[in-house]
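Shared chain: subunit A. Partners: subunit B in the first complex, subunit C in the second.
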Partner chain A sequence: MLFWQILIDGFAISSLYALGAMGFALIFGVSGVLNLSHGALMVAAVVAAWAAGNDLHVGPYVGAALGVFVGFAASLITYFLIVRPLQQSRKIREEEREIFILTATLLWGIMIQELIAYLYTNNAKTVAPIVEGVVSLAGVRTPSNEIFTAVVCWLAIGLLWLLVNRTRAGKAVLAASMNPRGVTLLGVELSQVYIVIWAIYGVLAGIAGVLLGMFLGVSSYSVGPLTASAFSIVVLGGLGSVSGALIAAYVVGYLETLTAYLISPAYRTIPALLLLVIVIYVSPRGLLGRR
Partner chain B sequence: MRKGQNRAISAAFGASAAVLAIILASPVQAQTKAPIKIGVIAEAQAVAGSSIPQAAQLAAEELNAAGGVDGRKVEIVSYDNHSSAAESVRAFQRAANEDHVNAVIASYISEVVLALEPWTGRLKTVMVSPGAASDVITQNIAKDYSHLKYTFHGYLRSTSLAQQVCAAAKELLVDQLKMKSAVVVSEDAAWTTPLDAEYLKCLPTIGLHVLDHIRFSPDTTDFTPIFNKIEAQKPDVMITGISHVGVQPTVQWKQQQVPIPMLGISSQATNSSFWNDTNGATEGVLYQGVSGPDVAVTPKTLPFVAAFKKKFGNFPSYAGYTAYDEVFYIADAIKRAGSTDPDKLVVALEATDYVGTIGRVQFTGKDSPNPHALKVGPDTITGLMLQWQGGKQVNLWPAKVANGKLKFPKFIKVGAADR
Partner chain C sequence: MRALSTTRVLLIVLAVAVVAAFLPFWFSGYILGLLTLAYYFGVFAMAWDLLFGFAGEVNFGPTFLIGTGAYTAGILDNLYQPPIAVCLVAGALAAVAGGVILALPALRVRGPYFGLTTLVAVLMLQNFIVVDASLTGGEIGLTVPDVISVSDATNYEIALWFMAASAAILFSLSRSPVGLILQASGQDAVQAGALGFNVTKHKLAAFIISAFFSGLAGGLLIFYLGSASVGTLVDITVGVQIIIAAVLGGRRTILGAVLGAVFLIAMSEALRPLGDLSNFVVSALALVVVLLFPSGLLGLLTRSRETV
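What follows is the complex of A and B.
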């Protein structure tokens, strides 16, 4: 019974982690940007979906769609307002550019966090679930919403795979992640590729946020832990590797679930962080890192 | 000529004396008419905390509309502490040293109030907390009365809260539903240590056998393992002690259809916005409160709720009721003391006997093991046990002010221990 419980819960939470971290990995893989406002964008999507339901009185589908849209819009605003000006600035030395972007996205995330707390308080918010009720899976009473979360995560991951591997824009993104200069020589406008990946990332972060809001709920305090969680998964998987992030998400998700069930929920994150330290020592490139 | 000269000299002296009198009198008059300043240090970004400055402001406006305190206006000076003890200490120092407030109303978080407590002695500034619960606040006063006597605990102690929960659980769960067992589940925080200790003491005396005692980190986001562990023990009820968390355990309890009712302290559930925050998942949650939107605890309760709703568009949190009362009884104490001198104010506050929105406010004496704690009981503050039903906070206990009956959502199986 406990085995199935851990298997089911671990799968749902890992799928959510994977979706949240894959966009983060994609951005880094293609443009070298570590977006430390990641958690803020996810929380913004949740609060938007929650506010749509409570203030605009829309149904759960429209609320969820609005949440995803806010994730998408917030991602593009982050790119155009914060990241792109720093990428193009001639006042910043090339070797310092990454640290400038890192700091700017971190501060941008804090600004979003404070704005959310100011407008909607720092109390946790949950998004109205699209599916309600429970079903019995291998004798485990499982919320239908948990299954829905895992299914939507995998659909989004599948669509991302198709987009990257089967479309022209996606192939340009893939090529840019392998060799940005080579792609430019082939006549692909790199800035267009960046817009595409930030748009994809926004949708992924929006979906992950809304699902997290339905599954567990978040508050403005979640901004830091969500960014840290995505960052840890991406470092564990190998910076820039989307498939590495996928594997690492499941390693972290199951490690956390096992700890929560077998030791104590209070120590949930500790073993995964210890593993991260070990991996950084033993193999700094992570599981499937390229950079 | 001489007569005329004398007259001129007299007139000059008279005029000078009058001018001097005006010059000397002006500051004195201004001083007596200077406003009474009450600092409010609160968590403006938290639902429970945001009601504190709002309710204090409302009380000040009502006092001023009635002529103030001996002709002096009451002025509220607000500081947002961002739920941080460090920021609260800085705000307290600023309030006392720069803004020269006469008293401070501070925070619903025990850790924050405990951090401020030594500063009340150092800066000789009276502080009343509208929402912290830890017994340690008043235990500290007992240990060092002369230094910490400026602190007053304007909300119930954790031990009192647990006793009220036990009293309500006896009538509602043991007597009515014949429940026999419980699991105590609380967040790990300063206020729950004495709360849990009292739960473990009083629950067996009312006939609820405690099967387990779980304390979880306030950072917990996934409560599934906790609910699974509790459910495996088949208790009749979960007795809760939650404040920093609230939305997430409640939503997950409903989503996972955990068939065990929750009763106890759930501070966030006292807020009227909790229904929307949880998308209605709070249906059936039982929580202790000192007031409820539709419960006329005293003749002052409902007019306050109506005025608050009219001014701010929502209902006050539990700390809003106490903050509102605190402004009134601090003003009353200043009036009785005839001074804003902190030592005189302490003496006057110790003699407080004020019927507010949550009951009759009286403080325990300095010889008590918990000096400056609120007295509780049938003659002072009894507390309530409310339940969320269909988007409304319905009071079930005590019977004389009850306005509804116990009702659980379908997934709750009453008498889970017999399954």
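What follows is the complex of A and C.
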């Protein structure tokens, strides 16, 4: 009974983690950018979906779509307003670019967080779920929404796989993640690739955010923990490796669920953090890292 | 800044500090309190700048060192009430031990990986403090029975001269051959090693020095505030503020960090009427500086002086 419960709950949580961290991994893999406004973008998507349902009284589908669109738009704004100017700035030395992008995206994330807190308060917001009700799964009463979350996550991950492996733009992205210089030699404009990945990232973060909003609910305080969990999943999986991030998401998700059920919810994040430190120490490249 | 000799810069620091020492005659206790806070923050930011700007270590966890120092001093005072100086020394030593622990992964992993390790260190310390509430006061905070002084002016002078002394020491260090070696090993550890410098030894030294000043400042800060809490000393947002202060002031300048800290605290105070929006505006301003003037406030000042 408990075994099945952990298995099912852990699966839903892990799928969400995977979706949330995937875009993050993609961006790092292709352009070496660690986007510390990640959590803020996700929360922005949730709040948009929530506000659409609450203030505009639209249905759950429209609200969810609006949330995903806000994630997409916010991601592109982040790229054009913050990341691109820093990538192209001549005033910054090459070895310092990384810390500048980290600082700037962090500040940008704080700005989004503060703005949300100002406009919509710090209260936790739960988005009206698209599917309601409870079904019995292997003897465990599971909210349909939890199953819906896992299904949508895997659909999105599958679509991402198709996009990357089967389309021209996707193949350019894949190639750029392997060797950016080689891709430019083949006549692919790197800035085009960047726009594509930021767009994909925005949609993924938007979907993950809206699902999280339906599943657990978020508040503006979730910004930091969300960024931190994506960051640690991606490092655990190996920076730059999307499949590594997928595996790591399940490791972290199940570890957290196990701890929450078997020990205490208060210690939920600790074993995952410990594991992370050990992995970094033993194999700094994570499970499947290349950079 | 580069053009000025170390001695001349130190004289300027001394002159500014002497002028600042007379501020208690003109300003109210409230403003002095803010400045006191800003000076301690300045020391945190300078210690961070030594580690990042010179040794090139992306340290997201300055609050790990500060928190270790502050909480060690605070717990000791809470349990046994030894003289404050003993608590401060113990705190600084504990922070140094923390610095060595933090340095161990830094000697193995680099860049974002190290950044994450420091982040994890902060989260672990935070979890420890919250979970072990009987010793640390948990989320409510730890009350420290002793304070250095109740007078605003005295507290202000202590913070000012502590900050000035730290600035002088850290700045001289950054200009010394040791500082140059640190900078070299931060930019290219392999080449610096090939030139015969002991990169490991120097990096370890940078961590120890940074930790010492962070821990001591953390200890002094809690004996000024009379309490220690996760929200004011350890939380990641505090670390972010320190990093913002150092980057705002101008990295690799040490002294810029103080400027950044004072600016940051003055700004958030000036924008207080905006209420909840003030944090938004402060972050936006900091972002504008990062995007448009990457060399920071000190860089702006020195550049305008060069053109005149």
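To be clear about the criterion, the second predicted complex is superposed on the first by the 291 of 291 C-alpha atoms of A that agree within 3 Å, B and C clash if a C-alpha of one lies under 4 Å from a C-alpha of the other, contacts with A are read in each partner's own complex, and residues count from 1 in each chain.
Note that in this section contacts are C-beta pairs under 8 Å (C-beta built on N, C-alpha and C of every residue); 3 or more make two chains touch, one makes a residue touch a chain.
If you're wondering where the values come from, they're calculated on a predicted model, not measured in any experiment.
Enquirer: Since both structures carry subunit A, what do subunit B and subunit C do when superposed there: clash or fit?
Expert: Overlaying the two structures gives subunit B and subunit C room side by side.
Enquirer: First (subunit B), second (subunit C), both or neither: which does A:Ile13 touch?
Expert: A:Ile13: touches subunit B, not subunit C.
Enquirer: Quick one: is A:Ala266 in contact with subunit B, with subunit C, with both, or with neither? Answer first, second, both or neither.
Expert: both
Enquirer: Quick one: classify A:Ala128 as touching subunit B (first), subunit C (second), both or neither.
Expert: first
Enquirer: For A:Glu95 in the superposed arrangement: first (subunit B), second (subunit C), both or neither?
Expert: Second partner only.
Enquirer: Let me test your reading of the model: by the given contact rule, A:Ala175 touches which partner, first (subunit B), second (subunit C), both or neither?
Expert: A:Ala175 sits against neither subunit B nor subunit C.
Enquirer: Could you tell me if A:Gly53 is touching subunit B, subunit C, both of them or neither one (first, second, both, neither)?
Expert: First partner only, subunit B.
Enquirer: Kindly classify A:Gly217 by the partners it touches after superposition: subunit B alone (first), subunit C alone (second), both, or neither?
Expert: It touches subunit B, and subunit C stays clear.
Enquirer: One more residue to check, A:Ile110. First (subunit B), second (subunit C), both or neither?
Expert: The answer is second: A:Ile110 touches subunit C but not subunit B.
Enquirer: Which partner does A:Tyr118 contact after superposing on A: first (subunit B), second (subunit C), both, neither?
Expert: The answer is both, since A:Tyr118 touches subunit B and subunit C.
Enquirer: So if I take every C-alpha atom in subunit B and every one in subunit C after superposing, what is the smallest distance between them in Å?
Expert: Comparing every C-alpha of subunit B with every C-alpha of subunit C, the smallest gap is 5 Å.
Enquirer: Hey, what residues of subunit A end up touching subunit B and subunit C alike?
Expert: 117-118, 266
Enquirer: Help me check something: in the complex, which residues belonging to subunit A touch subunit C?
Expert: Answer in residue numbers: 34, 82, 85-86, 89, 91-92, 95-96, 98-100, 102-104, 106-108, 110-111, 114-115, 117-118, 224, 228, 231-232, 235, 239, 266-267, 269-270, 273, 276-277, 280-281, 284.
Enquirer: Touching residues of subunit B toward subunit A in the complex: what are they?
Expert: Checking each residue of subunit B against subunit A gives 45-47, 50, 83, 188, 216-217, 219-226, 228, 245-248, 251-252, 255-257, 268, 273, 276-279, 281.
Enquirer: For subunit C, which residues count as touching subunit A in their complex?
Expert: 52, 56, 58, 105, 108-113, 115-117, 119-120, 123-124, 127, 131, 187, 236-237, 240, 243-244, 247, 251, 276-277, 279-280, 283-284, 286-287, 290-291, 294-295
Enquirer: Touching residues of subunit A toward subunit B in the complex: what are they?
Expert: These residues of subunit A touch subunit B: 5, 9, 13, 53-54, 117-118, 121-129, 132-134, 141, 143, 145-146, 216-220, 222, 225, 257, 260-261, 265-266, 268.
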